[in-house]
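Going by the order they are written in, the chains are A, B, C and D; count residues from 1 in each one.
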Amino acid sequence: MKRVTVHEEWCLGCHLCEYNCAFANSGLADMVKALKNQKITPRIHVEEDGRIHYAVSCRHCEDPICIKGCISGALQKGADGVVTIDHDKCVGCLSCMLLCPYGCITTDENETVLKCELCVKNGDIPACVQGCPNRAIVFEEVQT
Amino acid sequence: MPINFILPEFEVERNDYRCIRCRVCERQCANGVHRYDPDGDVMLSDETKCVDCQRCVCLCPTRALKIKKNDAALRTNANWKQNTILEIYKQANTGGVLLSSMGNPEPFPVYWDKILINASQVTNPSIDPLREPMETRVFLGKKPHDIERDANGEINTELPPQIELELPIMFSAMSYGSISYNAHKSLATAAEALGICYNTGEGGLHEDFYQYGKNTIVQVASGRFGVYKDYLEAGAAIEIKMGQGAKPGIGGHLPGTKVGADVSKTRMIPEGSDAISPAPHHDIYSIEDLRQLVFSLKEATEYQKPVIVKVAAVHNIAAIASGIARSGADIIAIDGFRGGTGAAPTRIRDNVGIPIELALAAVDKRLRDEGIRQNVSLVVGGSVRSASDVVKAIALGADACYIATSALLALGCHLCRTCQSGKCNWGIATQDPELVKRLNPETGKERLVNLLTAWKHEIKEMMGLMGINSIEALRGNRLMLRGVGLNEKELEILGISHAGE
Amino acid sequence: MKYVIIGNGPAAVSCIDGIRSVDPDGSITVISKEDHPAYFRPLISYYLEGKSKAENIYCRRADFYESSNCGVIHSEAVAIDTDNRSVMLKNGESIPYDRLCICTGSSPFVPPMKGLETVENKYTFLTVDDSFAIEKAITKDSRVLIIGAGLIGLKCAEGLRDRVQSVTVCDLAPRVLSSILDDECAAIVQKHLENCGIGFSLGNTADRFDGNTAMMKDGSEIGFDVLVLALGVRPNIGFFKEAGGACGRAIIVDNEMKTSVDGIFAAGDCVEQYDISFGDKRIMALLPNANLGGYTAGVNMAGGSAEFDNAVPMNSIGFWGLHMMTAGTYANDENAQMIEEKGEKSIKRFFIKNNRLVGFIIIGDVKSAGIYTNLIRTQADISAYDPDALTKNATLLPFGENYRRKTLGGVV
Amino acid sequence: MREGQFRNPSGCAIAAEISREGRRFSAEKIIESMIPMHDRSNGLGGGFAGYGIYPKYKDFYAFHLFYDHRHIKKEVEEYLKERYEIVLSEEIPTRKIPEITDEPIIWRYFLNPLKSVLRSAQLDEKEFTARVVMHINTKMDGAYVFSSGKNMGAFKAVGFPEDVGRFYMLDEYAGYAWTSHGRYPTNTPGWWGGSHPFGLLDYTVVHNGEISSYDANRRFIEMFGYKCTLQTDTEVMAYIADFLLRRKGLTPKEMAEIIAAPFWSTIAKKDEVNAERLTYFRTIYSSLLMTGPFSIVVGYTGGLMALNDRLKLRSMVAAEKDDMVYIASEETAIRIMSPEIDRIWSPAGGEPVIVEVMPHD
């Protein structure tokens, strides 16, 4: 299955993935309109320490512990292995946030729980991958 | 002091409506041009530091940035051009030799652009490369004069060592040190994928790249950096660098700041020391000395490696080449005055040497007149910019071309011509690990392979339209060329007729 | 093979999944006390609050039992005959089993209280039926008194606030969430809840009732229309104990979720299990543990091999925008080093023992807390990592480059 | 303008016949064979080469020359006399016909090189003779040697080939092999020397096509003392034949492997010995690879080789009848030479048809 993988070696810490993610999930056609004067809440985030940089987003684990802990059944793993969230069911308890070992579940200013859904609703290739200037984030087949 | 102020060359134009304050420009500019001011929530720019490398422009996700030529100008003077004046200011400020990099940017004639290619019409069919085989393989090296047969009449097929190339293009010498590890890796892996060679330059060969040996030309320059037995044996050929088109008559210069641990190990010099190659090889003061070095290298490698002698295109290049062809060298590489460099004194870069087109034509003719063209292969470089430049070079008589600036452009270089600063924002001409990682060699390799695959297609198209289906039938085939807007003398040197003739 | 599961909550359905992952054919019988398919128990307060629709509270799709080839009997288990391997039901039926899993959860604990019988509208708050009943009893003018400022009581308060005139919570303990939080942390939460309109009467509880009035211990009186009793829960383990099974405060299980009785497993809120952060067995009545334990039990029941060996207690609780998360063992322990960072409405405390993170409590900035949970669960050595940086930002840095290469880079 | 002052591409007709037994026969049939291919020529050049036609003088170099005027004839004869014993000097007999006009002085000599001169030049007689030819053709304005081998001769003129054959009375000669050429130049030079066949010593070439590698081939071969004065493909091919066959001692088949070298993809499929030799040739004689369309017949003492370019961009068929082998641009020409044939085939591109006369004791 194709997954987003992050190659720390090539991550420049430019944070473009965060902006591309926020834009892709904004539902708007123009990045300026989508992100201008906004505090962005991307589903991918860059962690850094001096010269170490890397982006982190949902790993779509084989056996996702976030789903095990979800008290509302909002988190689901589809047949394609993509872990998605059903906002109609989510009650915002953040158990998933407590459980995700990668710190990949976040919320926006309305406390809506957000997570990477591999841009399944946005197009073929995840926006973070498409926008990564150095192929640090790639969309590739991984062994599951 | 106001008197020190140098008018910035560029202006940063930021479309504030489009800017979303993502600060990518700030993070990506190694020169420190951009800065976010949280108090006013504004992005600020310091234009005095901008070199117009376009990194910020290319990464800005909202296309909010433009780098423009600064239109603030000194008073127009056709004799004292603005740049001339600014250079005087800089020298008055510093007392130093002006340094620059990449190739001669001055408006000298580009002969490639004054030569046109023939095509078949009626009397001879053009050949369709999509439907017929079209061959671009070449062998570089000395060709024997006589056929020998054994007792059974079978031909002895032993050849002097050759370089086999799938297309007549190689990546020219760029040292590890002047360019980054990732740039070298891109070149090495692309050369391997393309079936061609890249050239180590004078900085030795990083231990990681010995595995690409059969696609590597190892260089021996006047500084002898990184030269030892394993190195000489590592590659497909050995190149003696006598000169370089960008700075004929002077040696390479790598500032100590670029000599980190890895470069130091590869070059076999102390960390942080300036790597300054002597202007001449101090064991070569004449052609017979060159012959000695050629044969020393052959002895050292048991005559298994062709030896290339690389010279800058200078005034009496034909005679020099003739001498080299008799020195035991297998290949002569000639570098024209527009060739690039990682650092050269500006005056030298812009005023020394001759165009490669004329040098090539003169050398090929001289070697043929003397009947020694088979002694050597000819490789030319110094601003080969496109597939048509390659076709023209081959038709003028070259066996293959060296490209470097074109390759760097493919790797992301935007020709800002400030390699000497070591702060290449594209991760090419730098040793700063944070900048080096900006060139992902996977991408680099892919782009180089793309570039030369495209050129190969174009070369085949052009060969096909000339009715030629193998590159060797193009070599020296000057009838396929015509000049436009060239005077009698230029046509005579190029050995071509004028269009319409 | 005959499998019987007593109980029909998340642990039970995970147990079914576990069995089916190994044995697609054996017969499975679920004994369900409630008349509903398995549902997410914590959603009952969100149902009251209007965040969850009634049809969305179920753990699985409607056809789950059928597609898992699993029979459901709506009755209550009253005894186990361990010799003959059968379960006696309240309706007198006896169900034979080869492998049994007990997922009975817990029941509300209501101590004897004077005058309670005089209160007409009194409810416990543990099942969806409780929540339907409360919904029926309230109007927008109701005054609700909740006895118990624990998690259940406070979630009930949150669920009801916008639907009634007033909600008052009382508890004998001097602070809210007394079993989870210390005074300092509890004060932050209490203040936030008060700002949100919840009334408190703490260190003070109902002494006796008289109709719609609670006479408080301090002598005051609180009038109410609806009384909710949220004093705690007790694991439903009576019949197992009677059958001679080993219990502490709950059914004792090992990492394979086996009880002391051959052929009997247990999972969910009715078990006590080894807590790796604590170093001893305890009840960790939490949804992820129910799921993980149930699944593990199922696999082992069907002859497979699975272990659930990294259980830790954890909680994620939020009230109107204020979130708090806890995991592991975070009560003050003199052998543990505590790193604390405080803000006006936030607090972070980390407990480190033998170079390992054993517990934390975070109120406020809970972003990426799962990384800490994982540090506890994996018992990662964090000695090489600056403890101060740890508290500032949850990142994958302490796990090291190799871990990141594997998990992020997909390098196997 | 004359041939040599510009590059003159042309289409053409070629034909050849040879007796494997070495039987001698007249040129009558091959002259006739050119008639159905009339449209492949345009009257601006035709010619023939016959092998075994001078048995009486077989030990002497037979030089055929065109002279523009008497003065140069005299000068050339002086020059030859210093180097050769002139065994016979005569006008080449011609038949006056209205189709052929403006003829130059057409002369032939049978020559025996002077031993003393050869010794002092330290050259073998072939190399010596080749240099003499080269000298006359490049340095002696108004004289042109168009045939210079032993016991063979080329005959050519401006006109259609069938007329040229009658003009030279070739029906009265007898040889064991004949080649023939009709020319269709795209320009209009009126010079006899520009016609085919083109030869040096006993190597002659008739050719149909236009090689796109011309200048690459020319500039290479000129390194070895040849002067391409005519700027025609045929001339450069004749020199290459001389260079490879005489000077480098290669066989006609090996020559074919060089000038119509197989593609690399073909070489890759060959066995090791062949692949090595082919690779070797393509490496050292890469500049002799001829690209673009051609069909040629190379004549030499004792045989001939017909060859197409490796893509076979020009028509060429071959046929056998008893000991005779026929080659022509079109089958119709072969049917004129021999209405009955045993086998007819179209040789693949780059695959030489080599026919050699069986040795007689």
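Everything below uses one rule, namely that a contact is a pair of C-beta atoms (placed from the backbone, for glycine too) under 8 Å apart; a residue touches a chain by one contact, two chains touch by 3 or more.
Remember, it's a predicted structure, so these values are computed and weren't measured experimentally.
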Going by C-alpha centres, which chain would you call the most central?
B
Length of the line joining the C-alpha centres of chain A and chain C, rounded to whole Å:
28
Rounded to the nearest whole Å, what is the centre-to-centre distance of chain A and chain D, using the mean of the C-alpha atoms as each centre?
78
Note: chain C sits from chain B at a C-alpha centroid distance in Å of 69
Taking each chain's centre as its mean C-alpha position, how far apart are chain B and chain D in Å?
47
Multi-chain contacts in chain B, i.e. residues touching at least two other chains, fall at none
Set of all touching chain pairs, with the criterion as stated earlier
A-B, A-C, B-D
Can you list the residues on chain B that touch chain A in the complex?
17-18, 20, 22-24, 27-28, 58-59, 61-62, 64, 433-434, 437-440, 442-443
Counting only contacts in the complex, chain D reaches chain B at residues 7, 9-11, 186, 209-210, 212-217, 219-220, 222-224, 248-250, 254, 261, 263-265, 273, 276-277, 279-280, 282-284, 286-287, 289-293, 310-311, 313
Residue numbers on chain A that touch chain C, as the complex places them:
3, 5-8, 47, 49, 52, 54-56, 59, 65-66, 68-73, 88-89, 91-106, 111, 140, 142-143
Going by the contact rule at the top, pick out the chain A residues touching chain B in the complex.
9-10, 12-16, 19-20, 23, 31-32, 35-38, 51, 131, 133-136
Spell out the residues on chain B that touch chain D in their complex, using ranges where they run on.
120, 122-125, 127, 132-133, 135, 137-139, 143-144, 146-147, 149, 154-155, 157, 159, 162, 368, 371, 373-374, 397, 466-470, 472-480
